[in-house]
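Given below, in the form of structure tokens, are the structures.
Next, two complexes with chain A in common: one pairs it with chain B, the other with chain C.
Let's look at the complex of A and B:
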């Protein structure tokens, strides 16, 4: 029933968003983890005033994206198991709303809600830059940096954090996810362990930051590359396609699982 | 002595829960071997094993503890029984810690047998490499799950602490007042003068966290009902 796709998607998105936004732990955990961001380097107040504004904005976006998606992914990991525990699929399957719309709505709603405290922390840094440099360009630059650097990585993480607990025990997934984050984003190849932190498939957003916001070598990727615009675009496209593929496969798997019951 | 509960509680902890510390150690040992194969020095590749014990196993146990304390599907029924939920949780907690202790001791012995050391101290004191962060994380996992009334929230805070301490390790190493909170002191600054005190302080705080969680469960077991979904 194609006519039921959009209302179901919008309804699921709205409810998942409100449900996740009201969870105190989403706010507490994200703000506790933000202490790491504030205590680290690459914050807006760590740069001299002669550093170009796009570089400071992009570095701040990368710093936020290096730490906060960990909490983001861990918090999203219990969404699907929660439905199973409460036997919601059995109830919702009796309704005409397609299961694909429900999964997509869950994905968008809970991802946007969990990203809200991250955006607030990130945007506080942008407001600081605005006050410090008196340059109104900080606001549009900040918003575009969030869309190009943070959002693709967050959507990538959200897709896997929502669907993987369909096949993995939640604490195990959470552990593997944090381990993956170190390995796939923060591990330098000089450690002698093969890593994907130097490839386009790194949700930290360093390719987009280097490609779109850096003119020379102010921002570099983990592999020491200065990046290019098309590499930044390719990285974003790869992350979004991987997220869509994960959701698609998960939907097929969940349908197959239901058909077997 | 009736040991039926042992069989049942082992099933509750689950094969995945029991295998997790073992698999983590095998994975980190594999990383160590891979580093050796890529020409990395033996000292540095042994650190992969230290990291597995001190960071990997301890954090995983913290996440499992947060799940164990708050994930009994028959919780409402259990709270109406004579047997206290606190006792049941304490048994599961002890089983998980006991098994992880075996993995920790086994790893320390294997590393010694192949001619390496986890830390420049005696074999007995080397057990503090994994015991201190394990006690801290397990206690913190249980207490946070009760405080936040959310497993995912507790796991997210533990993950934040994990990444924060790892990435800001140089600050923990160089700032005196942060030494007692440095969970991964062996991975980053083994052999420092504050190492032993750091280990004992972490164990004391971990025991305090676990005791607080048990006291809380005794005084108000219904705290687990109606938690965040």
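Let's look at the complex of A and C:
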């Protein structure tokens, strides 16, 4: 028997993905929230045909990243406390698999599962663009926009939504997270309230959209950013590193908690 | 594999002494751990399973020093553990759950793991419901999934904590038989407060009370300790009182028959009875409460 990190991580990812994907609330909540996306501006069908395809794709990715990550974060917040509620830690802690593999597997598995309906909604828009413009470039552009604009932000949100409930009551975290999202991502600096919505740390993907797809949205423009390629890359790197750091600290904290029982 | 425990102490929150200087030898085969609620059984099980760290003391499982981080990890590799409060993922099927636990136990060969899962589903008679989600399972079926997951890695050390709690009589008997079959070539520690479970499965046992070891020996030793202390009293009058404990009450046509444990001085008309393991346990706990340790030495 091999009690390595990778097999346990892959196993945990696979089964956490499966469990989260089977939750009806993941599908219902995301599709209900998608009504705000479909009803809002910036949809593929709201752009004139002479707008460049990368701009339309990037705008659609940013629009999907405006509200859907709120549902995404809220739906992930119960994953760690759920194990405690189901009395699973005692069983799992008696297994030889490293606890870090289980946490990381839970992170990847449940994050990808919760992102699946978001991807379906997003990709439906890309399919619309393909049908509307008859330009096959919509597919690779759509995929790369999702990877650059949506995914880093979702991974950032997932890390905090998985680990923060280790120290916070889930409903309190969910409340604070929704507040953070509006303050830190959707609040325009024109209101005069300090916000991080125009910094690299915004998981909305504005910097990647501007840097890689020449699409600078209103909030970012007001923050005075030019949105260069290197800023887009820096924003992605910062989001991913923050996520990794959050997971690392959470793992150390959980180990410390176990040791002092 | 023999487990040697020396001077084991566990203190919670700096003042709650859950285990107090336990010295215990657990031999190969079925071993019972008995005691009332709050005696420290679960704490001892969790320490043996590597989940909790002891405050002080030594544990050796075969050649493994189970008080070090490396030792705890080595124990986990040969351990099967069925906790008192068994948690399962309700959205997984029985087969998926066992497959997942198998992965976390290091059974990395997919085909061998699937075969082992099938064998165990058959062993615990759940093969026909293997594709059903666990949230649809009864308490007894969940317990059987619990024992199956504990056996996935063919453990040399099997720890089962209160395994029959909440099971109906038929399930309990089935479970006991299963445990007895498993005890042949491995160390199986059965922790329970149900004396009958120990009586039917274990030759050796220990009794804990308030974190201390009250008894260590064979079931026959414990039964012998209550010899001459067990009586039946048949009366149509009031319930017998005095320095005794009524173990059972049988309502006859016109009278009531009481089975009591106590000294012979309390009443006339009492008939001596052969002690059972439960009588021995009751006598021991009575002695422990009265702190009459001199009348009941550790065997």
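Following the convention adopted for this analysis, the second predicted complex is superposed on the first by the 248 of 261 C-alpha atoms of A that agree within 3 Å, B and C clash if a C-alpha of one lies under 4 Å from a C-alpha of the other, contacts with A are read in each partner's own complex, and residues count from 1 in each chain.
Operating definition for what follows: contacts are C-beta pairs under 8 Å (C-beta built on N, C-alpha and C of every residue); 3 or more make two chains touch, one makes a residue touch a chain.
Note that the structure is predicted; figures quoted are calculated from it, not measured.
Once chain A of one complex is fitted onto chain A of the other, the partner contacts of A:259 are limited to chain C, with no touch recorded for chain B. Legend: residue contacts after superposition of the two complexes on their common chain; A:186 is shown touching chain B, with no touch to chain C. Using the contact criterion defined above for the overlaid structures, shared-chain residue A:86 touches chain B and also reaches chain C. Greater residue coverage of chain A by touch, when chain B is weighed against chain C, goes to B.
By the touch criterion stated above, A:11 is placed in contact with chain C alone, chain B being left untouched. Of the two partner chains, neither chain B nor chain C is touched by A:233.
In the superposition on chain A, A:172 makes contact with chain B only, not with chain C. Contacts of A:23 after superposition: both chain B and chain C are touched. Of the two partner chains placed around the shared chain by superposition, chain C is the only one that A:94 touches, whereas chain B remains out of contact.
When the shared chain is aligned, no partner comes close enough to touch A:130: not chain B, not chain C.
Chain A residues in contact with chain B (one complex) as well as with chain C (other complex) are 23, 86. The residues of chain B lying in touch with chain A in their complex are 14, 16-17, 20, 24, 31, 34-35, 38-40, 56, 59-60, 63-64, 66-67, 73, 148-157, 159-160, 162-164, 166-168, 171, 228-229. Of all the residues in chain A, the ones that touch chain C in their complex are 1-4, 7-8, 10-12, 15, 18-19, 22-23, 83, 86-97, 102, 258-259, 261. Residues 23-26, 28-30, 32-33, 35-36, 39-40, 66-67, 70-71, 74-78, 82, 85-86, 169-172, 174-175, 178-179, 181-182, 186, 191-194 of chain A are the ones touching chain B in the complex.
Interface of chain C with chain A (complex): residues 46, 49-53, 73, 76-77, 79, 81, 83, 85-92, 96, 100-101, 103-108, 149, 153.
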